[in-house]
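What follows is a set of structures to go through.
Presented sequentially are two complexes of chain A, the first with chain B as partner and the second with chain C.
Our next item is the complex of A and B:
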């Protein structure tokens, strides 16, 4: 898939930037990889469905209704996707604020991932809006809607995407051979990082706060006043599990781009993240128990939803916490990866429990996503991976920066 | 009992306070267990980033030869050979290229493999004479085995020896092996100082931390000339 032999960054003055960009747009690597063979038909089908959605409206492709206006696109793409993108603010916090240089080598790839996740998964929000062009209203002030949590979410998404773009921009400048621009952009990094972390802590919880307004609609086991805090804390281990998972795949797929030094530190990094996941899962478990007791939910435990709740708490919080603990102590990288996958499943289950499964759980008509909604969701994920791969193969994300950039 | 009333533990949030206290109390052993120093040597080595004789893996029952190969005669009459931990700790992760195939005859001192890191390479002499009976193909699939389990799954060749006693009488075992490894490590420090002075005096400090400790994988960061010197001084040809 990747071809490390091709000249990787533009050498200054060699050819015009436009010619260079045009050349870079050409695909590289083999066409018929298993990933391409699976993803291309899905993307084509998904794009067709998206066209139908905009031509004929939401009802034509989704199972959404007046009763259930928010479905898989919000519950999975936006709410879960943003939780998984939380890795970026945690890693930048570790590296730039706590000065833990150990994680330096994964900053760029994590920020890139976070940025793309926001662009695509928050972008998927447009699909769900009845009048998508109105999305600019809270930004341009055509009725700001300051009393809505969505106002906060909209502004935060926009600003956070900008912050991540700035954090990532030195890599783009290195790719284009723009030395002066790189110097300026690199100087803005720390500011963007601090700004980004502040925004993240607020909107990760803000997404949870959206659901505070739906108290009557959410099953009591998943509704509590703590939802914002629970969303925030879980975004830490959700994001880090994604970093572990995605990092392990990148490590294999783009192996040739990773320097020998970073190859060696890869296991140390994963093990270090496992420790952070252990601690945050512990805190999260504590908060969940507290929320449970605070809401006096004992009576619901021995119901169908109660059993499902226990599966989430035991199978997807306590089990991965113990696994992370054990694998960190034993330095067992395979087990860390397994624990991260269980954790990610747990986060998906939790977000879907709040937004889809436990949402209107007592309604006569249950919402199930239509196959078209699922295809569109897969399309969004696949396109994101395509762009991710395109960037990794061209810009110095996993590989070392060009030598001129290092001396600064 | 006038004036006495039960306090409702729910209404006063008593249980919630107890849970908060409980989790905080539990956090102490949790934190301590998570951060307890790990005895495993590999972890310590990772953490400290230094190479000291105590950290070397030197299992008993193996013959450690001067060329930094080990050999172990199995009950079946075949001997495994591989690279010793000291060598691997000096050099770090490497690529291995086998020169010999099963069925070929080797004499002690014949070059049987090459290890390389980028353009730098070292050749490895056989510690014993005999007929190669097997090559460890697992190393091709998982090169990390060499460093992770040098004396077990990281063996390189299986050889049917034809003069075991004679070939191994120069090799050291058990306690002596420990002593020898320590001496080799000291010798390596001197070697580094001298060789660095000779080739690139300004870099001499990168290998030795404060107090003269070796950092891990010191050879990995050194230039090709020093690898050549190392080949002569430590691998014996």
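Our next item is the complex of A and C:
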């Protein structure tokens, strides 16, 4: 991120570039916040577990088996994490394609969140690979498995990370005071946005399409040829719920950075997003019903898995949909936040149902994540939040851009 | 900010690249193998005596640990292949007495594992065997998720883990030799040859001895046809076969999705540019002008 080439043109004439960057690396703020006290031990423990994982193999830390080769690290970190990162393409669509300037103030923080989510959750994939040093094979060389959905997803992850980096790069340039670089990078935004939305459509659905070949392994209530479309539509409200949730925390934690004007407009933004969530949840519900009727799975409804399916459909789709609708009409921000949390839980449940809970549901031995898998997952999330906080405190993400960057 | 010429051309350029990439993707999934015939193996469970000779030959051939002498097929206990063995014999109590069944990779005509593999580590050779290539594999285990028979096995206790699966002794087949298990079978239960001839042979055996055989060649149509073919005295569900396996090739399940990729890559950017153009200017007067 701290590219010295860009930094060469920065403003602070008195200090050297390197001194500036070194100074910026130092932590700011209090050391003993509740978050730090909890996250630091978890991160240290997680790093130890990661070392063991690479020294002794996946079996030493995970509960994965020959029957269940993908567990929490794929089902939650990658599949669910990427769904939550969907907010970035939805918000850039609203702002740059539909020209809804109302959402302009949350573009940067959402894109930053999306970018970090991809870096860390797709990065978590490396922990899960048996031979991570061969990860370049689908990208460079002569080993392109072009008929693979995973090949498509891998390329899209890579390209989308680049697109998001370009979308976010003006903030980096403003931090470094690189005027010329900012102008060039800002000019690339719209192209990156269009490219990024296209990539997102395909790999959000692609994550679902990964499971299409596991036809007999996934519980019939969660397997259908609609999986790719369901994953795509749910990534819209998953991403937006994350934006609402993350936004309400950021606006408290980083309150001092946010201008009076943006503080005021934030409620309008949340309310607008609630409306979009209502509509997409409704579309999603309709598609789920369609998939259910289409596959004639009535007989499964009155089984244990069937009850669990109904809990997901009613408790985590219909309930938040009604809540979003009601709170949007009444302009009840607290209720929107509650609905977004229920929606997020629903997305986690749905993704885990497809990838972990419903996968080999009829096997004698079920998969449960080990505590080590959970600690590593938390480590990944905590490190991401650390980096997020580091960037927010330095770059103009939530706070206003410097005055020179506004006029052009 | 209105869309200008430069941005429009940029988007157009991206679309062009996408179309190119899309074509390549399409072309690969319809690629035909050459006119060489696939080899396969016919396993006749009416001849198998369950001696496990094939297990020993396999371990010897592929440098795997010797099978445990006390680990013999027992009714009601399903032995499975794992990271240390590529082939196992099981026994089932059926309506016609005890029947032995060999389990290993089915060597599908259109393998799910190979189409799932993003590095071509899993590969359907022109000779028929489905092989795994160490130097290409990144250990993602998507082959294991995709294989309807749960064949590929992963070494969870190694820092450089391999995928273990039957490769029909591809090294030997290339040099005109028989696979180790076929050569070592004392009961003549295994026959190696071109798949078409094996099906004819299997049909001949059923016709000549209709009382001995259940009238079905497992693998002729299952999963779109497999290289390993089975004859059994009883219906296949009695000897532990998964009856929910569909009769078309598994890669077809993802075909629809993969085919839609190029069209989305063409339509989306064009549509997005169109919408962007249509909506810009609407709110410009009361908003600051952002890039």
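We adopt the following convention: the second predicted complex is superposed on the first by the 394 of 408 C-alpha atoms of A that agree within 3 Å, B and C clash if a C-alpha of one lies under 4 Å from a C-alpha of the other, contacts with A are read in each partner's own complex, and residues count from 1 in each chain.
We adopt the following convention: a contact is a pair of C-beta atoms (placed from the backbone, for glycine too) under 8 Å apart; a residue touches a chain by one contact, two chains touch by 3 or more.
Just so it is clear, the structure is predicted and the values come from calculations on it, not from any experiment.
On the superposed chain A, the positions of chain B and chain C stay apart, so the two partners fit side by side.
Once the two complexes are overlaid on the shared chain, A:206 sits against chain C while remaining clear of chain B. Of the two partner chains, chain B is the only one touched by A:279; chain C is not.
Touch criterion met: A:294 reaches chain B, while chain C stays clear of it. Across the overlaid pair of complexes, the angle with its corner at the CA centre of chain A and arms to chain B and chain C is 150°, in steps of 10. Within the superposed three-chain model, A:331 lies in touch with chain B and out of touch with chain C [touch as defined at top].
When the two complexes are superposed, the chain touching more residues of chain A, out of chain B and chain C, is C.
Looking at the shared chain after the overlay, A:370 reaches neither chain B nor chain C.
In the superposed model, A:264 makes contact with chain B only, not with chain C. Think of it this way: put the two complexes on top of each other by chain A, and the tightest Cα contact between chain B and chain C is 10 Å. Taken together, the two structures place no residue of chain A in contact with chain B in one case and with chain C in the other. Listing the residues of chain A that touch chain C in their complex gives 54-60, 62, 64-67, 69-70, 93, 96-101, 104, 125, 128-132, 134-135, 137-138, 143-152, 154, 170, 186-187, 189-191, 194-195, 197-198, 201-202, 205-206, 209-217, 225, 228, 406, 408. Interface residues of chain C facing chain A in the complex, by the touch rule stated above, are 3, 7, 10-11, 14, 18, 24-25, 28-29, 80, 82-83, 112, 115-121, 135-142, 144-146, 148, 150, 153-161, 242, 244-246, 250-251, 253-254, 256-258, 261, 264-265, 268-269, 272-273, 275-276, 279-283, 287-288, 290-291.
The part of chain B that touches chain A in the complex is made up of residues 10, 13, 15-16, 19-20, 23, 27, 30-31, 33-34, 36, 38, 40, 42-43, 46, 92-93, 117-118, 220. Residues of chain A touching chain B in their complex: 260, 263-264, 268, 275, 278-279, 282, 286, 289-290, 293-294, 296, 325, 328-329, 331.
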